[in-house]
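Chain lettering (A, B, C and D) follows the sequence in which the chains are written, and residue indices restart at 1 in each chain.
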């Protein structure tokens, strides 16, 4: 069992849950985790519940096999293996958002990558990865519900920021909670813009160089929007 | 006259009315019923009123012919026969939602079934049924306003979860109030996703096996979203 | 000068202004009027202001030439002639809504009529009329800003419920304030459904017989939705 | 350093920030400025922060090179050069809105101008300009982050009201804060209408004469909607 996580990280993760609900990235389903700040072999994720209702006391500590260490009888998410798989494969990642973000789903089920329509989505410069669970496990309930599927998802993700999950949703990763929430929000915004732009004609996407530069610039501005989003949530418990 | 229904069921039905309004599944019109918990030959449905305003005292008990037993002069819905017809034909069904859910209507009027775009809509695995009232009754006001039309609608529904009603709306059924509300909400969400996905290209829907497995998994998670939805409604009267 | 209007009518008209804003039928622009209940040669319409802010004291009485009788220096709407023209031409009409209702505008500018996609829009059974101001007055600011234009608009409307105004908006009429508000709301809803349905395939609209029957049925249910809408507005001043 | 700006102008600019957020024209990003009322060589713009949170004390005075005069250590927006460049080039302009207004972006990335679908958007009569930053500076982070880029943007804008910025957003200008906010709002509304109308068929846009006349008429009505918008914001600090 790792030492207690920084209370500021726990607060940030509670806020992330509520912000993602307010943005419409998650509804009653979806989840967001953070790698433990004092043990890179652990991560924090709420017990099985709607993100909008998460409070400090609802956080559970998991190891990188997806096993809860302090659930104390509380139900945990079936898909904790999404988070475990990614934290194992990507030491650079400190936060993971899994959602059924509605604008993004049409891209996964038509096997089309998201590409950056505007600079806010520079993190999509390399395009999105695609996870087709049928290739790994045949006909399933679509859920990433064991360690093998979690590992396969992480492999599909590779070094990208976002993986589309056909028939299911998407997963977005970040170097911090703030960055992962920023990316999950703008992946959704970009998806809606991309669908609309395609209806108008040939779309000029950011090229790889532009996207990389834009992503770097945006990273210096995340605090601006995080301040807004946390102020809109107000006090947490 | 059956014995009084469980107050917990009445509360659940009041909540369902308000949740469906908050989700945009119903507007000033639409209705949701529950089979009586102590008499399978009866069901509960509000008097003729906007779902958002329903309170405990507004519930009326109906028999399976669609006759109100305790209306005491209160107006009842013209379309109570939707509910009566389905409860007669489907002993497995304990709740029925009828609505003009906007994302779904374009599918009915173009005679295209809803199909599951994502796992949340696994209950659509068999596709939706279609009710064309012209085939049964010629040119009407589109309303299911007598027992014969109710029976015809139930026949069109068959063993599926959802029937599209051309030029009118749709009806979704469930084994519980929670499940019917869940399905009505995600039928609407799936419809919007299906329209968007079709604009992007060839859609890979869940196949029948995937849909069945997803539906089973989701049924174990309905309580999570029901907790959120009821908390958002707050106290009822 | 006619005798004072029924205070209940004034209240209804204040409510109509605010309901139409809440529905998104009007924004800061648009207006709704009612024929005077004690003088068919007059109508009530707010002074020049945003509908959401209208209060009882803001009502002005106009004659059927569009002249205000008790403005007492208050600015009046440039387009009061829409209302005057229609009340002159249509004795059956007691309320008029003019708006830039967003779903409807794409139909006017592509010269396509709204047609009833679902029974709630039975009042569109005859299809919508189209007013092309260029045919009457050449290149203008698009506003119906004098009596001649008001008369031309009323001629275009004919005996229908709704006229699309190319490059401008639309006008919907009713036999009562409640009916006009109901129609303005469901014209907007129907427009959005019609656009979406056309993207899916060939649309089966209500035929003329179905539409007429549905319109009659709906008219008996308007009170249900009016109760909801007025409850949501709450107290007026 | 110019004399202090009129407190009424500062208030108006605070309101503009919050109104634009409420309208969805800006989100956590975007900014609005006003030319100084007592020195045409200066302008007011908030420090680097989310528009929704701007208060009186957050205003900074800039010169037309984009240099802050009284930042006192506060961070300023990277893109203040958008504002500086336009105030230099356009003496007629007294307010500038830069945003990632979502309806507008699909037009920029497909190199299609906005054109006036309805009279409210008469200010778009000449069509929108297009700024392709690649033509000026090659592969960048898309941001207008120095004086040369600001000047190039102003050149692209020319004498129009609106310039689309490919892969980034748009900038709208006005002779007053109220007019710029009005235009930014209706550019967004018009963009959504234009996309929808194009899906229905051939669009009849306002011609140049109609657009000019409509723009003149609308300018006399801006106070109506400004009253509504400021009332909805309420008290500022």
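What we mean here is this: contacts are C-beta pairs under 8 Å (C-beta built on N, C-alpha and C of every residue); 3 or more make two chains touch, one makes a residue touch a chain.
These figures come from a predicted structure and were not determined experimentally.
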item: Set of chains whose contacts include both subunit C and subunit A; value: B, D
item: Interface numbering overlap (same over half, different under half) for subunit A and subunit B; value: different
item: Inter-chain centre distance, subunit B versus subunit D - centres from mean C-alpha coordinates, in Å; value: 46
item: Geometric centre distance via CA averages, subunit D-subunit C, whole Å; value: 33
item: Two or more partner chains touched - positions in subunit A; value: 199
item: Set of all touching chain pairs, with the criterion as stated earlier; value: A-B, A-D, B-C, C-D
item: Contact footprint of subunit C on subunit D as seen in their complex; value: 116-120, 122, 189, 192-193, 196-197, 199-207, 209-210, 213-214, 216-217, 221, 224-225, 227-229, 231
item: Interfacial residue positions of subunit B with respect to subunit C in the complex; value: 27-29, 48-50, 52-53, 78, 100, 102-103, 105-107, 109-112, 139-143, 166-169, 195, 198-199
